[in-house]
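Reviewing the structure listed below.
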Amino acid sequence: MATRKPPTNPEAEPRVKAVFDDIRATRKADFINNLWPALAFDPVLLESTWAEVKRLMVTPSQLDPVTKEMIYIAVSVANACSYCVHSHTAAARAKGMTDAQHAELLAIVALAAKTNHLVTGLQVPVDPVFDAGAA
Amino acid sequence: MATRKPPTNPEAEPRVKAVFDDIRATRKADFINNLWPALAFDPVLLESTWAEVKRLMVTPSQLDPVTKEMIYIAVSVANACSYCVHSHTAAARAKGMTDAQHAELLAIVALAAKTNHLVTGLQVPVDPVFDAGAA
Amino acid sequence: MATRKPPTNPEAEPRVKAVFDDIRATRKADFINNLWPALAFDPVLLESTWAEVKRLMVTPSQLDPVTKEMIYIAVSVANACSYCVHSHTAAARAKGMTDAQHAELLAIVALAAKTNHLVTGLQVPVDPVFDAGAA
Amino acid sequence: MATRKPPTNPEAEPRVKAVFDDIRATRKADFINNLWPALAFDPVLLESTWAEVKRLMVTPSQLDPVTKEMIYIAVSVANACSYCVHSHTAAARAKGMTDAQHAELLAIVALAAKTNHLVTGLQVPVDPVFDAGAA
Amino acid sequence: MATRKPPTNPEAEPRVKAVFDDIRATRKADFINNLWPALAFDPVLLESTWAEVKRLMVTPSQLDPVTKEMIYIAVSVANACSYCVHSHTAAARAKGMTDAQHAELLAIVALAAKTNHLVTGLQVPVDPVFDAGAA
Amino acid sequence: MATRKPPTNPEAEPRVKAVFDDIRATRKADFINNLWPALAFDPVLLESTWAEVKRLMVTPSQLDPVTKEMIYIAVSVANACSYCVHSHTAAARAKGMTDAQHAELLAIVALAAKTNHLVTGLQVPVDPVFDAGAA
């Protein structure tokens, strides 16, 4: 189910086709996952979302590709985005995440959630030494 | 402000002192952050929480220490736990997270939140190929 | 799937029937969406929920009906309520939300989520000038 | 800090005074916590919120008063509402919650958060037997 | 759909079998719900999760079993964990939660969410008297 | 408190100064709120965030400026971002949001949260008619 019907033939729109072509070239694969046709109703949103994903998740940077995907999964789990958990777990595996790394990721996410809730329940005051904004 | 007054002298309780001593020995530092005295009201909870943190975040494993802290920060941001964001950002820095890695972490967390909300707003159906449970 | 079986014939209960009749009369439509039978197990909860929805979302007020539905969608997305995103997107369309307004709503919700996470990650202190409680 | 300045003398408005008087009579105490003056800008919202709180949290019912406050705290922790965690922890204590019950509450909330995140990370399919909606 | 394929025959692994046997013995039932095979990929995580669930949710303690399950449901609802809402609603019923208690639980969870959002929207300052950390 | 010290003189960096100048020109005001110096550590992130805020929130579009700010507030409340609730409430007022509109916004956000939690607790199945993706 979806709240908006994807276009029947999204690549009939040249701006959409250009993004899809770039996704395929970047990933060296023909497969386009459902997110991108779902965004095709608004070429500006499609272009800017893909550009941001490509810049942050694909361009080589300080963090390695698997680490970046694991961070993405962590946020998606905490925000309860089922689609995002699925798609980024698949992406992490495609980039080399091992089963052992995945197991460890899940255990850390679960532990963080546990202490997040403990701390919020106790309303623990922030230690002054943690304030990076202090002179 | 806190919902529960920490004990005035938590280390008078031997089980609490044993945990605090292990925290100091593990971190090679005298500083005990507010979370641990805040948990001292319940030695079982204190012991089990520290044991889990130590096992997952300190013991060498598949993921390097900075990556583990960044995953912890990502969850803590999404769960809006102010104390946890502060304490794990400090921990990540203590373990070697650079300013550039921190900047990248924040940008990825923000992008993930953005697409989490887009996908939830559109209710994008999960691609069948993402189903790892399929035969 | 549901955690509670809706009554087979909810309108056999006069208080439930009265609410359903008012829903149909208010919306000028026969269709009753699943939420209302799902609440029929508790006539007080059903009556008070519908009364609140009717008062805030149907009665003419400061905000126009489409704006009200868009605010409802925004909260439902952030709370990851799949049913609510679906039902209020349908309601917004029924009240006149255009495709262009829907596209803009989604882009703003996504941007807000992005900056929410950035700000929480940075723990930006609130500007004193924002304090409406100050004298 | 607040986003809206509470009225200087909220009880000058008779509808507000009536609610505040009922809060004091119900709780058998003079103290009015900040939530209620904060809602005084809108007498309808103030009246309906207090009426709902009184009906569900004060009127004798299936669940005992401490259990009700603990459920309230659990939701407030998960929604990261600092004020609500504080006010309902105080309310639970005023109604008899012991330190041992509070400790157990926090441990269960933390465990639930942990398994919530594990399950979301794994996208565990719902067991068909849990479907109460099935015939 | 799942992000990780459960083992075909999880009980071939002795540590997994030991946990499953203990679940069946503890619950006096043959049924093992999907969560446990889903965790079987990592025996340490499986053992520690079940040990924590058993210690907090099964061992007799300050809070009665139904109250504990209702707290668990409350957190799971707020964290939007569909599986957890289903499984713990079933568990609460198995332990004796009545329809009337369930109805009341849902009404309180909904009210808490309502006031959580009101308070966050108003940024109501915490009353100093709620600070249990004060001398 | 903050997790990252803002630069002492952010406008010494020309890219930062250019963004700040554009913020002042766009808003026709000298005041720069804390978010922007907080982002100045990363000119790319600063520029892209401001560009997205300007494009979606300032450029005339389908939705009027007050509606856009109310949607932003709604998401920020649900994500429990204190800073964002403050800054966007101030922005909405600066753009003309009346006290009555603000009151209505808060009441709708609270109602949405209430029904979000009710629906999630009941796991109400989506009505097939809401599926916009259907043929």
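For reference, chains read A, B, C, D, E and F in written order, and residue numbers begin at 1 within each chain.
The rule is simple: a contact is a pair of C-beta atoms (placed from the backbone, for glycine too) under 8 Å apart; a residue touches a chain by one contact, two chains touch by 3 or more.
Just so it is clear, the structure is predicted and the values come from calculations on it, not from any experiment.
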{"item": "If a chain touches chain A and chain D alike, it appears here", "value": "B, C, E, F"}
{"item": "Joint neighbours of chain D and chain C, given as chain labels", "value": "A, B, E, F"}
{"item": "Which of C-E and C-F has more C-beta pairs touching across its chains", "value": "C-F"}
{"item": "Length of the line joining the C-alpha centres of chain A and chain F, rounded to whole Å", "value": "21"}
{"item": "Whole-Å gap between the CA centroids of chain A and chain E", "value": "27"}
{"item": "Gap in Å, rounded to a whole number, between the CA centres of chain C and chain B", "value": "34"}
{"item": "Residue list for chain F, restricted to those that touch at least two other chains", "value": "1-4, 45, 52, 75, 77-82, 85-86, 89, 105-107, 109, 111-118, 120-123, 125-126, 130-133"}
{"item": "Overall pattern in which the protein chains touch one another (line/ring/star/complete/other)", "value": "complete"}
{"item": "List of chain B residues in touch with chain E within their complex", "value": "1-6, 48, 52, 126, 128, 130-134"}
{"item": "Of chain F, residues touching chain C in the complex", "value": "1-4, 31, 33-35, 38-39, 45, 49, 52-53, 56-57, 61-63, 67-68, 70-72, 74-79, 81-84, 86-90, 98, 100-101, 104-105, 107-109, 111-127, 129-132"}
{"item": "Chain D contact footprint on chain F (complex, rising order)", "value": "80, 85-86, 89, 99, 102-103, 106-107, 117, 125"}
{"item": "Residues of chain F touching chain E in the complex", "value": "73, 77-78, 80, 82, 85-86, 105-106, 109-118, 120-123"}
{"item": "List of chain C residues in touch with chain E within their complex", "value": "1, 3-4, 41-42, 45, 75, 79-81, 133"}
